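Two complexes, one shared chain (subunit A), two partners (subunit B, subunit C).
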Partner chain A sequence: MLIEILQQTINGLAIGGVYVLIALGLTTVFGILGIAHFAHGSISMFGGYLTYFLATSQGLPVLAAIPVALLAGFLLGVLVEILAYRPVRNANHINAFIVALGLTMMVEGINLQLFGHEQVVIPTGLTRVFRLGGITVPELRLYVIVAAIVLVVAMMIFVERTKTGQAIRAVAENRDAAILMGVNVRTIPLIVFGMSTALGVAAGIMVGALFAIAPGIGEGLVVKGFAVLILGGLGSFPGAILGGTVLGITESIAAGFISSAYKDVIAFVVMILVLLIRPQGLLGRAP
Partner chain B sequence: MLSVRDLKVSYGGIEVVHGVSLDVAAGECVALIGANGAGKSSTLKAICGLVPAAGGSIAFEGNDITRASGHAIVRAGITMCPEGRQVFPQMSVIQNLRMGAYTRNDSEQEADLSRMMDMFPILRERQSQAAGKLSGGEQEMLAIARALMARPRICLFDEPSLGLAPKIVASVFETLARIKAMGVTILLVEQNSMMALNLADRAYLFEAGRIVMEGAAGALKNHPDVMRAYLGH
Partner chain C sequence: MSNHTFTRACAALAITLVAGSSLAAEKKLSVGVADALTGGGAVYGLPQANAVKMAAEEINAAGGIKVGPDVYKIDVIAYDDKANPTEATNAVRKLIDRDGVKYILGFCCSGSTSAVASFIGNEKAVMLVGNAAERSITTKKIPNLVRTRPPADYTGQAAGTFIARKGQKRIAVLGALDVGFYAQYVDSVEREIKKAGGEIIAREVFSLKDRDMTPQLTKIRGLNPDAILVVGYVEPAAFVYRQAVELGMNIPRYGFTSGSEEQFLRVTTSEQMEGVWDLRPTELTLLSASKNGVAYHANYTKKYNASPSPSSPYAYDQLYALKAAIEAAGTVDNTEAVAKALRNLAVPPQVVMQYQPVDGKMFDVNGQAYTSNGAFQWQKGKWVFVEDLPSDSKAYSQFLSTLN
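Presenting the complex of A and B:
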């Protein structure tokens, strides 16, 4: 029983890492621009597809394809900010909402046109399995967990310890005051979108390596990402990390002990229960 | 140093500042006084680029900054300590102060940081607390220190006494007097006309979006109209 719980927790950490990376991107974009960036999941999947394409059709080693895809993700994020969201920056909020929905459909369509409707798995060649006591840990899953931790820590250090990171926080907390400090509030959203999208692409690659990428997966993932934001507390960085981990582990344990068909249901039931007790989310501030 | 000519500001097509002209010389302390809604704060906001000027011109040290963006104006040397303090509530006191030095690249930032905390010992005491947890008076001190961290050539203060208890207001004005004594050029907007006129060298009296009187602070303080309308005599 205990072994089984530990086993499912390890499994849950890997998928939880994916949720955390998606949610961190969403929460940063939401914090800075107040936009619910629905297209985030589909763009993340584009990054996963791109990695698959580079690794298979172009014959690049996966380890070389990943940085290319991350860089492409960063640039794509910058483009999305300039072309899609900047024009509606000062318009009614519903405009950005509609742009986000339209962008989601567009990116899903582009993914379908470019990469087809077959599901693809990124061939990592990482097939070893570690055994520890009674727990089996596939090496790929371990690397995914480690990579997620490294990315999250790097992001935290960037935001807390660098001037640009502090400027991002300042814009999120008080835009006008940030201008008065000399922050260029036109370039900050570019950095935020670039970074968030790169993190999303990392998550897309993880999904493609652990499971598979197929049409519709990205939309499901973005819904989970927003669920994590609400679960952890809107706009809270630590909340997104805790929320993503909790959601991943809950799903995994539910799949292991009850049925994988019900894992989403159980995960959302847990989320609703948490929100009934703490409406502001796990680490959100009470209103 | 700062020269505003025939400045107009409007919000949503409604003009609230109808062409004001004012000057601040280096080392001077100038106050803008007048009733609530007279256009004093809007004038300040237009100077630092938070709202666009609808007409007229603003020049700083001979350069036209009328259409410059907010962050470029800060880099030119104009810093504002905004109305309502506007600290970054979830960032720590020390992070707030460091944000004040955002435009600087020199090596004296840490020295300035400890100088600010010498000037405001409460900030040293609370340095790792979230700024939002400070009292109103403490936040005002933080906002002032944060503005000074930029080493501004001119520092604009927008209603620094607003919403503070009388005792705190007095200590805010003591602080402003110290900053003035340090040689910082100051442009101050204040509804507490008596305090402002005691501190300033010169003042402009705003009424309904226009400047109706200007002169040495002492002269304005003794002008019968000002005394009747703004100083409660």
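Presenting the complex of A and C:
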């Protein structure tokens, strides 16, 4: 029993890591700009597809393709901010909402046209399996967990310890005050979208390597990302980390010990139960 | 008759003949395809649509469909039903109402096919079903519907006998059990295993979009089964095989998936697949294929630069069966006559699958065709046909006739 619980926890950690990265990207955009960026999942998938394309059609080693895709993701995020969201920043919230939905459909369509309808798996060649007692950890899952931790720590250091990070937090706290303090609020959204999209691309690469990228997968991922946001607390970085990890492990344990047929349902029931007790989410601030 | 008049008469005759022959050459028979060209079902649907197009080109090149003095060239109109019941209904309505199509082929997936089957009986059209394996599609005795693929439980019975013979008693199932025909397959397997004193110890589920099956496999591993049985679409099934190895499950793996080598190798390595059994209708593999099958494989690969999926000939055979039925009925307009001719048809010589005729006919009274079933095993990167599975098409046909 203990071994099964530990195994299910490790199973859940890898997918939890993906949820954390997606949620961190979403929470950064939402916390600072107040935009529900629904296209985040589809753009993540674009990053996964791009890595696959670079690694297979262009013959780049996967380790070289990943930084190229991350950089492309950052630039794509900047473009999305300039072309899609900046024009509606001062308009009614519903405008940004519609732009987000339209962008989702557009990116899905572009993915379909560029990369086709078939699922693709990023070839990593990592097939070793580590065994400890009765627990098995595939090499690839271990690297995904480690990579997710590294990215989260790097993101936290950037936000907490750098001047740009402080500026981002200042804009999130009080935009007007930030302007008065001399923060360049025109460049902050660019950096936020760039970072957020790069994190999303990292999540897309992980999904593509662990599982597969295919049309429609991004939509499911973004739904989970928003669930994590609500579970952890809107706009809270530690909340996104905790929420993503909890959701991943809950899904795994629910499928293992209750029923695989209701895996998603059980995870969302847990989310609702948490919200009943703490409406602001696990680490969100009470209003 | 003057020379001048004679010359003019000859010219008029020549013009008439040329015009007549060109009119005959221009006769066109539009054939519809409704299938999953995108989405999760496309692994089955797209190869089916390709197979119909290839068969149409072959038939056209060989002179077309001959109906009395007329020769019809086939024009294929294919729509994407995304394996979705609503999309399939819309696609078929568009084919019938807007395009005026009377013959509709394809249909890879059961949900979408069942939706169309529910109203096709009221239409002046003939529906030829391919890979969709849900039993109820041919239990309703719809006179203008036939199916080339046998129902899943026909194959499940044979598969259960095979697994029981291998001596495994405690079988864990992991599959798309919310899909009717997969559940029917497992029910048939269970009946045969129980006869041999065995049991199904777990029925775990995955959906078409699931790719992480480690929670279910971890649970199954804890139950210490003798073997696992994986039933479902190729893509999730491939992940099950890969993740079972990653979890150190060194037990026999049986499956009902009908995926090609290429489709599995997009997800797993050949080493991870080694030894996996696929217990399914004897579809297309080079080792089990007839002469037609070998030619089909070569032509398809050349034309589409990809190997055909094992189940794709179900659709290819549809068009040859339709051609034979139209020629036998002597009409393209009277769909009732063509539907009747289909049910009286002997297996056409051009088909790829190895059908087991019932009373000498390709389709039984229910409109159902039967192929033999086979045990295929993954050996060194390929599906290898190992043996035929015991299958009694006549007995099953009688059983099918008793259902509503």
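Operating definition for what follows: the second predicted complex is superposed on the first by the 285 of 287 C-alpha atoms of A that agree within 3 Å, B and C clash if a C-alpha of one lies under 4 Å from a C-alpha of the other, contacts with A are read in each partner's own complex, and residues count from 1 in each chain.
Keep this in mind: contacts are C-beta pairs under 8 Å (C-beta built on N, C-alpha and C of every residue); 3 or more make two chains touch, one makes a residue touch a chain.
None of these values were measured; they are calculated from a predicted model.
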| item | value |
| --- | --- |
| Touching partner for A:F257 - first (subunit B), second (subunit C), both, neither | second |
| Subunit B versus subunit C as contact partner of A:Q8, first or second or both or neither | second |
| Subunit B versus subunit C as contact partner of A:Q119, first or second or both or neither | second |
| First, second, both or neither for A:G165, with subunit B first and subunit C second | neither |
| In the superposition, subunit B vs subunit C on subunit A residues touched | C |
| Complex interface listing, subunit A residues touching subunit B | 163, 166-167, 169-170, 173-174, 176-186 |
| Parts of subunit C lying in touch with subunit A, wherever the complex brings them together | 37-40, 42-43, 46, 177-178, 204-206, 209, 211-212, 214-216, 218-219, 221-222, 235, 239, 245-248, 266-267, 269, 271-272 |
| Contacting residues of subunit B [partner subunit A, same complex] | 48-50, 69-71, 74-75, 79-80, 82, 86-91, 95, 98-100, 102-103, 146-147, 150 |
| Touch list for subunit A against partner subunit C, complex | 3-4, 7-8, 11-12, 15, 112, 117-121, 127, 129, 131, 136, 138, 210-212, 214-217, 220, 251-257, 259-261, 263 |
